[in-house]
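Below, chain A partners chain B and then partners chain C, in two separate complexes.
On to the complex of A and B.
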C-alpha cells in the first residue's frame, strides 16, 4: 500500500470514530470560542476594540485549541489501547504519522472557520480583504504547528505527565510558526494591506513547514518503536 | 580520556586566569569603549553553545536511530551544558545591550531565536527529569528540533534587520583589528576547553549513575 493511501485510511478511521460522538470537534470548538470570548472581555473596552491585537488573539486561540485537540486525539487511542494495534499494522510508520497529521489539520481548519469570523466580528478586524493570502497563512501555519504537535502528542501517549509535557515541548519549538503567522496576519490587517510583508511571512512559514514535516517524518519511526 | 582531564583542567585554569589580562591589554573599541570588553566572553559563550548543541543533536540522533545508551548520556550532558552557556550568553548580551542599545532586551529576530533555543533545551531537561519512563526518546526528539533551530539563531542576523551585529563582524574584525581578533579567539578557545571539561565531567556522572543502576538491578536478581 502506498503512503498516501494508508494516511487517508487512517484519516477515514478517525473521522468515522469522531462522527459517532463529535466529542473532539465540539470540545475544541467550544474551547476556542471561550478563548476568544475571554480575550474580548479582557481587551474590548466600551465597545472599542484595541488596535492591532486581533492577529495575536486569533493565533493564540488556534494554538491553545490545537494543544487541546492534540491531547484528546491521542487520548482516544490510548483509552482504547489501539495505538499498539495501529503501529503493528503492516503499513509504513510515516504513513501513520501523516494520517494523524491530516486529521489534526482538518480539525484545526474547522476551528479556524469558526474562530476567524468570530475574531473579525468581536475585534472589528478586516480579515477578508485578501482571502487567498489569509487562507495561505492559516493553512501553512496550522500545518507547521500540527506537524510538531502530532509528533510530540504521539510520543507522549505513554508518558505519565503528558498533559503538562505537551505544551512544554511544543511551544518553544513552534513559536517561530506562531510569530510568522501573527506577523503575516497583522500585515493583512494593516491599511493599506501590506502584501509584500505578508508574502515574506508566507515564504517563511513554508520553509518552517518543510523543516518540521521532514524532521517529523524522519524521526517518527524510531520514536514510536519501543 | 580520564588521564587527560587534570592536565586540561590545569591548562584551562591558566588560560582563564590570563584571559582578563589579555582582554585588558586589547585595544579599546572606538565607540563603545570599555563596554565592548563584554564581547570577549559573550562570543565565546555562544561558540561553546554552538558546539554543545551540535554534540547534543548528533548524540540524540545516534541514540534514536542506533539505540546507543552512551550517546543518550552524552546528549543529556550536552543539553545541560547548552543551557548553562545559553544563560551566560543571554545575560552577558543583555548587559551589553543595556549600554549599547539603551535597553535590556528587545524582541528582534536574533534575541527571540536565541531565547527560544534556550527554552527548547530547558524543555529537554524538564522532559528528561519529569517525563517518566521513555522520556529519553522524547528528550532526543527535543534535541533534534533544538539542532534544527540553532542554524536559524546563527543566520537570523543576516536574514532579518536586527539590532544585533551580523555574523560578518568576526571576519571584518580580523582585518580591522587583529589584536582584538586574537584575544577573542584566545578567549573562545579557553571557554571551549572549559565546555569540554564540563561535558566530560557530566558524562562521567551519567556513566556512574548508569553503572549504579546496573548494580542495583544485579543485586535484586
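On to the complex of A and C.
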C-alpha cells in the first residue's frame, strides 16, 4: 500500500465519521464565528472598524479553531485505541500522519470559507483585492500550522494533560507561521496592495511548510512507537 | 512475493520504563500452530510483551525475529502478518460493523467483498452489519473485533484478554475460532487471566511474573495447579 492511498483512506474514514455527527465541523465553525463576532463587538465602534486589526483577528480565529479541531480529531482515535490499529497497518506509518493532516487542512479551509468573508464584512477589510495571493497565504499558512499541530496532537493522544499541553506546545512553535500569515495578509490589505511584501511572506510560509512537513513525516514513526 | 514466516523468536528481550523493568530478558520461540498462553498476575509484563511482538513497543534490548526478519527491517511486511486484539477493541463506534471491517480490509490492501460479509457471519453479526458499533453490547463488539483482527489472515495473532465480556456460548465460539486459526497455521499468543478457558485451549504456556519468564513449556491439563505452583508460591 502506498502512502497516498492509505492517507486518502484515513481521510475518507474520518469524513464518514464526521458525516454521522458533524461534531468537529460544527464546533470548529461555531468557535471561529464566535471568536470573530466577539472581536467585532470589542473593536467596531459606531460602525467604524479600526485599521490593521482584521489580519490579526482572522489568523487568531484560524489558529484557535484549529487547536480545537486538532484535539477532537485525535480524541476519536484515542477511544478504542484505534490509533494503534492504524499503526499496525502494513503501510508506511507517516501515511497516518498525512491522512490526519489532510483532514485538518480540509476542515480549516472550510472554516476559512466562512470566516474570511465574515471578517471582511464586519471589519470592512478589502481581502479580495488580490484573491490568488490571499488563497496562497491562507493555504500555506494553514498547512504549516496544521503540520505541526497534527504531529503534536498525535504525540499527546495518550497524555492525560493533552488538552492543556497542545496549545502550550503548538503556539510557540507555530509563531513564525502566524507572524508570516498576519504580515502577509496585512500587506494585502494595504492601500495600495503591497504585493512584493506579500510575496516575501508567501515565500517564507512555503519554506516553513517544507521544513515542518518534512520534520513531521520523519519523526512521526519514532514518536508514535512507545 | 508476500512476506510470511512460520516461526517467531524472542531473544533476551527487555523493555524498561525508566527504572521499572516491565519485561526482563525474555527468550522464547513460537512455531506455527502454537497457541501460547501468556499467563501472569496484573502488571507482570504480558501487555508490554504483546506490544513488542506487535511492533508497537520498541524493546530496550534484545531482538524479535519474525522468520529471520526483525520488525525494524521488516516494517510494513511484518505488520501485515500480525493481528492484534487488545483490551481496547480498535473499532470506530460511530461507524457500522460493515464500515469498520471494510476500512480495515482496505487498509490491508484487500478487496472488501466477500471478506467483510464472511467476517460478519463468523462474528454472528450478519444481520447487524449496517448498525453502528456504538449500539452493540460488549460481547458483540468483542466478536466483531476478533474478526477485524483475523480479517487479513495474520500469521501471528496476539490476543489480550479476548474473553472479556463474553457469555459462555460466545466464549466457546471464540475458543473454537482460535483453535481453527491455529490449526490453519497461525501462531496464537493469548494473554489471559481466565485459566479455566485457557485450560484445554492453549497448547503451550509461558508464565510471566515481574517481567521475567518463570516457565515455558507444553500445557497439559490442570493449568491452574501448574500456574499456582509457579506464581503463587514463588
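Just so we're on the same page, the second predicted complex is superposed on the first by the 225 of 226 C-alpha atoms of A that agree within 3 Å, B and C clash if a C-alpha of one lies under 4 Å from a C-alpha of the other, contacts with A are read in each partner's own complex, and residues count from 1 in each chain.
To be clear about the criterion, a residue touches a chain if its C-beta (ideal position, glycine included) is under 8 Å from a C-beta of that chain, and two chains touch if they have at least 3 such contacts.
Note that the structure is predicted; figures quoted are calculated from it, not measured.
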Which superposed partner A:160 touches (first chain B, second chain C, both, neither): first
Which of chain B and chain C A:116 touches, first, second, both or neither: neither
First (chain B), second (chain C), both or neither touched by A:53: neither
Partner chain(s) touched by A:104 [first = chain B, second = chain C, both, neither]: neither
Which superposed partner A:21 touches (first chain B, second chain C, both, neither): second
Partner chain in contact with A:151 - chain B first, chain C second, else both or neither: first
Contacts of A:61 with chain B and chain C, given as first, second, both or neither: neither
Set of chain A residues, in rising order, touched by both chain B and chain C: 226
Interface residues, chain B side, partner chain A - complex: 64-65, 112-113, 116, 119-120, 122-123, 126-127, 130-135, 137-138, 140-142, 144-145, 148-149, 152
Contacting residues of chain A [partner chain B, same complex]: 148, 151-152, 155-156, 158-161, 164-165, 168-169, 171-173, 175-176, 179, 211, 215, 219, 222-223, 226
Chain A contact footprint on chain C (complex, rising order): 51, 54-58, 75-77, 79-80, 82, 84, 86, 88-95, 99, 103-104, 106-109, 132, 148
Chain C partner contacts - residues on chain A that touch it in the complex: 1, 6, 9, 13, 16-17, 20-21, 76, 79-82, 84-92, 225-226
